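Presented below are the structures under discussion, each in the form of structure tokens.
In the two assemblies presented below, subunit A is common to both, partnered first by subunit B and then by subunit C.
And now, the complex of A and B:
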């Protein structure tokens, strides 16, 4: 069964409310959303395994806080797509603006085009796969999860990163503070290959380099003990 | 916040609809800037020996006829003027220096009578006309009849004031030089320092607004012979703060974002037009948007479009 929501006719709040009210067994249906015309907060806060297909470009925070649902944006996404998502899948067929997947806790975000600045900022467990390139400060202060970049990265990649993993196929203009290249071991190859497969992105895991935290930034050092006396 | 919009036409057939295409873009940005709005429209270029000036009065019932008579006597007996809401467009056969001198003299005389001048200059140039006012973007667009205006390109702004008062003078676009205007989303952190520097180079400021500093900066750079692209590259080093700028000139428009790029911008281009908006929804109703190339301008990279179309005079409301 397919439900059609035309945002040129239906107010956005009505759509989001219907998605929030949706029972798990009714969620099997496809929710097709047309004429988003760059509206903000489309399909936010879903907590059912719905299949949501958005035909067109969306504004800020599309599919934010997503749980369980599969949301596909057949267009570009504005600032903060899938921000703080918890689980499920969000796929952007076009490009994403800044702060894509910011603070995401879980699930998978796939961006088939490029992502702008601050992709995966403060990541907390979400996996992000970008088929294109990412802008500056991507993976800033990322704590958990992974950021896979098939293209290039802008300045300050992984600045002040904690324990998230970055996999980069192209080149970074510059690594951020405390971000270093690390060995791509067998376990990472297996993990990355599986992630690329679930993202349906055709790339060879062995072409990537892995980056992560040098664990030196603001790290307690015994020589600084006097500062805390 | 603030919203910015720009539309540059490449197809002559669309120029008669510039206002109709541009108004919805401006209105879509109302939530980003509900306190004032304005736009610069480039149209009806004057002959080489004449110039257009747009004046603004704080009095809706201001008698433009009287001011026009004075300027006719001192500058050009064939001067025409078109009151539009509380603004007035004047077309004068004079050079810019003489026009400025006579205007300032006339405005000083008005100030003498009333204590403060009820009239200020909004724009001067052969192509540019700026209309701006406090109020919602919809009210501002309707007051000036934006929808009906023809032209080659337009730059607009919806303001949510942060750095200075909500006044007509503090609204955007800012024009400080002939045919140049600037709209800004963001805030500059070194504007006081830069203002002092520019004053020492001869700039005269009429507001405390940070954007006026940027506008004067570009104007001085251009006067010193820099190309617009050179001026923009220099600005990346001299202006500190957050900005997405859209700059209008007689023959085109340009876009510049600061290196951090917190302030949003989306651009789109087809064979018929190039457009910028703070958000995609500003562009969503443009013709053939579904087939446009859409992208986010890179931080610290100047984008320029030049070679604007000449749009002949279609205005019949001018009075003599």
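And now, the complex of A and C:
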């Protein structure tokens, strides 16, 4: 049975507490949230197999640290949507503000519009698919996981990147320190095609380029000083 | 500066330490990195003395009359504040910078004396959680090991904006200490020189921080006290902004604060000392009518019960110790002098925490070295060192001034 929360009538605290009261091994539950009106921290900290549909725009940190749940935002998302998410799926039907999916450890984040600056910053295993373009410093210090961009990327893409993978269909205004283009091998094409399919994004994997770390900044060495420029 | 050879004068400006550093930099081509904290002279609590009781102040009998040392931390908004038996907590130090044994020993000692310990830039280890009855979980810019399960397991949450040894700088963990376990906890390749981010990934100013703190409270159902830790740089303004952002507790780390690995130039030339920083923070709290409402924990060079008492007398609610706790575990002990000398150092001078070769088994990830530190004995030792501090503190207010202690 679907649970309906109208945030124009019910305090956010009651919604989040109700979601937190669901046990991790509970049966799947269905939630519909209306009138979010840019509220912050909507549906954050879920750890249960819930299907959460949010009808409208949300503020900062929606679905933060999500585990298991499938959260769909039928609108735009503010800063840090799905920050540090661990598993499950978060889908933004509109655009996302800065730091989308920041430090995410696992699961899948799909942004059907554009994402602003620092998308996928410090990634730790999450996969992000952006149907549009991303802003500057996206993939900064990204450690694990992947960032797929079907549009273009702003300045300093993948700056100081570690072992995360960036797939870009359009153009990057500029690559960041220690970020280089890498071969798009068969294994990467297979991985990317499967990820695009999971994200329900219609794009051809072979149209993308792959970027990753040149690994020049992995050790302090005066000979690598130019890599910081 | 005359040496044992009359006529030879050492330059005050270019003394032997300076000459050594210039020549090292020319040879290696990169700044020096080390652990410990500032080593140059800075104004400190030694420059203060108490006024004893006399005609105008009534003394207490220090060892007989009741004098409580407990303190409640974080009751501004949190439904489950910390209740510490002593106003001395253990500062955040990472598993990675320290061995698992050292972290466990700190937890055991802190639990035995009824106070809290703190995670660090590497996440929470099971040993640390198990050995600590009250554990503060740090949310750092790197977010290494950050996960909601550990957040919920914590007794308090500390959002770290900076530390006194390097306000504005990110952490370092050189490859020598990035073994398989440490690397896995941080989602990084083993053996690399790890650089932590210096700014948070999902907020960029005090207004954002207020929203971030609200998210952390929502995530944990408003149970946990929320600390904000600042490195002493602009403590008057930062304290006011931390209050505005919704902190239950402010942790203020002065320039004397320790570090596992930082550029020497950063340690010695950035920040302001603990004592003036504390005065500015208290001033900000009093102006906002928030003194003793938002608790203030001060750290950076706290070595003794006298330092604790002076910090509290200046307006702190509690202190944190880091370097002193490591010394209590055996850091820089004369028993390791021979081994320190093999490393080019000596007992009393050792600060190469970044190198991972610590003979005391504290600032290392080498299993053989780390196994030298027995977490049970280490915890007992640090407890024994810590326990007298409240006694010293209690011995002071009696003859000094405070009839309400």
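Definition applied: the second predicted complex is superposed on the first by the 213 of 229 C-alpha atoms of A that agree within 3 Å, B and C clash if a C-alpha of one lies under 4 Å from a C-alpha of the other, contacts with A are read in each partner's own complex, and residues count from 1 in each chain.
By our rule, a contact is a pair of C-beta atoms (placed from the backbone, for glycine too) under 8 Å apart; a residue touches a chain by one contact, two chains touch by 3 or more.
As the structure is a computational prediction, the values presented were derived from the model and not from experiment.
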item	value
Touching partner for A:59 - first (subunit B), second (subunit C), both, neither	both
Which of subunit B and subunit C A:41 touches, first, second, both or neither	second
Contacts of A:17 with subunit B and subunit C, given as first, second, both or neither	second
Touching partner for A:95 - first (subunit B), second (subunit C), both, neither	first
Contacts of A:135 with subunit B and subunit C, given as first, second, both or neither	first
Contacts of A:116 with subunit B and subunit C, given as first, second, both or neither	first
Which of subunit B and subunit C A:175 touches, first, second, both or neither	neither
Which superposed partner A:157 touches (first subunit B, second subunit C, both, neither)	neither
First, second, both or neither for A:79, with subunit B first and subunit C second	both
Which partner reaches more residues of subunit A (counting touched residues only), subunit B or subunit C	C
Overlap of subunit C and subunit B interfaces on subunit A (superposed complexes)	59-60, 79
In the complex with subunit C, residue positions of subunit A that touch it	12-13, 16-17, 20, 40-41, 44-45, 47, 59-61, 64-65, 67, 79-80, 83-84, 86, 99, 102-103, 105, 118, 121-122, 124-125, 140-141, 143-144, 160, 162-163, 217-222
Residues of subunit A touching subunit B in the complex	37-39, 57-60, 76, 78-79, 94-95, 97-98, 116-117, 135-136
Complex contact set, residues of subunit B against subunit A	260-262, 264, 266, 279-285, 294-296, 298-299
Residues of subunit C touching subunit A in the complex	28-30, 33, 142-143, 146-149, 151, 174-175, 186-189, 192-193, 195, 197, 201-203, 208, 211-212, 214-215, 218-222
